[in-house]
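Inspection log for the structure reproduced underneath, given as structure tokens.
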Amino acid sequence: MTVTTDVRDTIAHLRVQVADLHAELPRNQLVVWTAGNVSARVPGRDLLVIKPSGVSYDKITPEAMVVTDLEGELVDGELSPSSDTAAHAYVYKHMPHVQGVVHTHSTYATAWAARGEAIPCVLTMIADEFGGEIPVGPFALIGDGSIGRGIVETLRNHRSPAVLMRNHGVFTIGSSARNAVKAAVMCEDVARTVHLSRQLGAPLPIEQHHIDSLYQRYQNVYGQEPTK
Amino acid sequence: MTVTTDVRDTIAHLRVQVADLHAELPRNQLVVWTAGNVSARVPGRDLLVIKPSGVSYDKITPEAMVVTDLEGELVDGELSPSSDTAAHAYVYKHMPHVQGVVHTHSTYATAWAARGEAIPCVLTMIADEFGGEIPVGPFALIGDGSIGRGIVETLRNHRSPAVLMRNHGVFTIGSSARNAVKAAVMCEDVARTVHLSRQLGAPLPIEQHHIDSLYQRYQNVYGQEPTK
Amino acid sequence: MTVTTDVRDTIAHLRVQVADLHAELPRNQLVVWTAGNVSARVPGRDLLVIKPSGVSYDKITPEAMVVTDLEGELVDGELSPSSDTAAHAYVYKHMPHVQGVVHTHSTYATAWAARGEAIPCVLTMIADEFGGEIPVGPFALIGDGSIGRGIVETLRNHRSPAVLMRNHGVFTIGSSARNAVKAAVMCEDVARTVHLSRQLGAPLPIEQHHIDSLYQRYQNVYGQEPTK
Amino acid sequence: MTVTTDVRDTIAHLRVQVADLHAELPRNQLVVWTAGNVSARVPGRDLLVIKPSGVSYDKITPEAMVVTDLEGELVDGELSPSSDTAAHAYVYKHMPHVQGVVHTHSTYATAWAARGEAIPCVLTMIADEFGGEIPVGPFALIGDGSIGRGIVETLRNHRSPAVLMRNHGVFTIGSSARNAVKAAVMCEDVARTVHLSRQLGAPLPIEQHHIDSLYQRYQNVYGQEPTK
């Protein structure tokens, strides 16, 4: 597969954006060492831009980012793609509306994932951003495609842009790479708050019709312009 | 409604102050992403200065701040006001002594709010700053005025400048925007300390007459000049 | 009381040192807002150098530091002394070997203090630095001298340079202001580690003869030169 | 013992590397004050490069690093070696494949160590990096060689590059000083995540054959080139 000249500009732009978004992961304390990765779909092409494998956060530059196809095979770049590339690629292949994917082992969310327990919707900000509980995906081994399948099968049935992969960590999706990063930040934030709340008793539930109302409003009117 | 020339100087000054105070929220780890907001009343006018909706903390400038009336309608500024503006406006309308309002989803305070549980006064710094427990306000949906009403009805009956809104987060008031920010910082600090203390047993109560004595002293003699 | 020219140089030096040491408190996450203070005795004089009341950590300069006598009365400086000055002064008056005092409301140590519970000596670093458990002092109100008395009466009977004042916070002492700051940093660190350890079970005790042996060794041979 | 000219270049290079790696300890919140140390073996020589005793992290320079033999005796440098040097030296003497050693009192890992409890392998990243549980070593006093013996006897029987020394802290080993630092960072990260997960229930186990498969893959294919 070759990358034509006209798509090069788009890719150059996405390399900058994806490199910049990686800085949000340590800034929001979602990752340690070289763990975690952000990718963006190349619009209209069966390609994605992602972090290379095992590179420190202070060495991430646009040039270091790599381009792969939706099988996870390297198309452009000097370094090997992240070992999580196959999972990102599977999501883009099977969820055409997804433009960005993020993976972290953020502490509190991964603590829920280790118990295989969904985060209940007991905060208005969970209703706003996730539209209900944050669900758990299956145990899956890296290398056999089961991570990507587990993400897609879980998120297809939920409003939530985040899934807690059992014994592993978090994957989030978004209508842009930036929105997927936002979902990863919010997921850890609510995972922490609900964890703490549960330590000293039972958080109060929010009624389903309130959850629906909060979700509809937030998806339509928050921010400087409609997000959908 | 028009803003006359003479109030423009005051508003220009408040834009700088409110923009600067927003930096205290991430510095004190009270917010993630674009959550949280600070406002100031324009003295003697039915106006307030507040953060626009959905803007990153590293993009907050005096120019980006917006001015609304006490119905939350935009009077001056390029961007849409924070989606929490109606709640701020309601507080200014019904509590004439309040000059500043802050809203956060700070982690430990919100964990108490999710259980609908007040923070008991078991530290001398809670007696100093809050004069007793930090109370819980009702569950309230954004958009129908119930958040503002819940804040005002709860705080009218308490010494505390902070209220934990059920399943939501924290609102604080102050005799200045800076004092409201201080209350938000102290609220999270004591929410965390009492949370931790409770995890391993029961914090010892402080007798009511000691609470009264600490509160009176702190409100009158602390700092470089009396705060009231 | 007047300060003669020859002691002015010493005081000028201590103002720089005490101002610099205050930066360690936020750096080590021991304080929020304007809470916390460090003082140093002026050697051979009944004087101390301390932080003024209610001043932000980013506004602390050598010039802002104030000098008081051992009754806590201002001798030199533009601003009012910290409201905790009387407690510091009492310690210097009654413990002649103490050259530095630190006060914080650091989170984990204060959580133990709220329960009125000593931190048990279950880590070799507690044995090294504190020589046994970190004890609890009495409940004491600011303003009547009972805080200073509580500190002195508790620490006189312990190897520990740190005391957890009930429902309040931590005071530490040292053979220098820097050593008192070190004790405050170590106190919070072990308060946190033992808190966490206790959450999931019972930390294993260390036998008394091992505690004694660790303490003797650390007080005599650690660092680049003997500390006593 | 004298250091010949040809080994001086190697040592100069290791001084820079070891000094730089010390910056990772506070950056990853593994240490407070002067605690913690990193060392590197001088390849092909019975020498190691290590941090001096009791020196602040902001005063660590290549020149301040010291060189000792494998008895922990100073060979080159101005300052006294870390009081943990004997333990590092013992590891290099008895584990010839080890090129780097790290010691910390990182909070969550030390909380497990205080209970004498191994960290169970309930996360895929524990399987990847540690190949199973992170084991506990014996209680050992500084000064009699028992720390070094405890590390070596524990790690010889495990895949894990990290050992939790009872009532004390963490030691990690690596095929380079950088890999030993990575193991220390990952050890604290998984200690924290599993701690939190256990607070609200029982983390789900990972089957042994999955652990074996994850470990084999990670040790062979992760990063830009094989790590073994």
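Per-chain numbering from 1; labels A, B, C and D assigned in written order.
FYI, a contact is a pair of C-beta atoms (placed from the backbone, for glycine too) under 8 Å apart; a residue touches a chain by one contact, two chains touch by 3 or more.
Just so you know, these numbers come straight off a predicted model, no measurement behind them.
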Same-site or different-site touching of chain B by its copy chain C, using the half cut: different
Superposing rotation of chain A relative to chain B, computed on C-alpha atoms, to nearest 5°: 90
Chain whose Cα centroid lies at the greatest distance from that of chain D: B
Computed distance of Cα centres, chain C from chain B, in Å: 32
Rounded Å distance between chain B and chain D, as computed from the means of their C-alpha atoms: 45
Two or more partner chains touched - positions in chain C: 199
Residues on chain D engaged by chain C in the complex (per definition of touch): 32-33, 35, 52-55, 79-80, 83, 105, 107-108, 110-112, 114-117, 139, 141-143, 166-169, 195, 198-199
Footprint of chain D on chain C - complex, ascending: 28, 122-125, 182, 185-186, 189, 192-194, 196-197, 199-204, 206, 210, 213-214, 217, 221-224
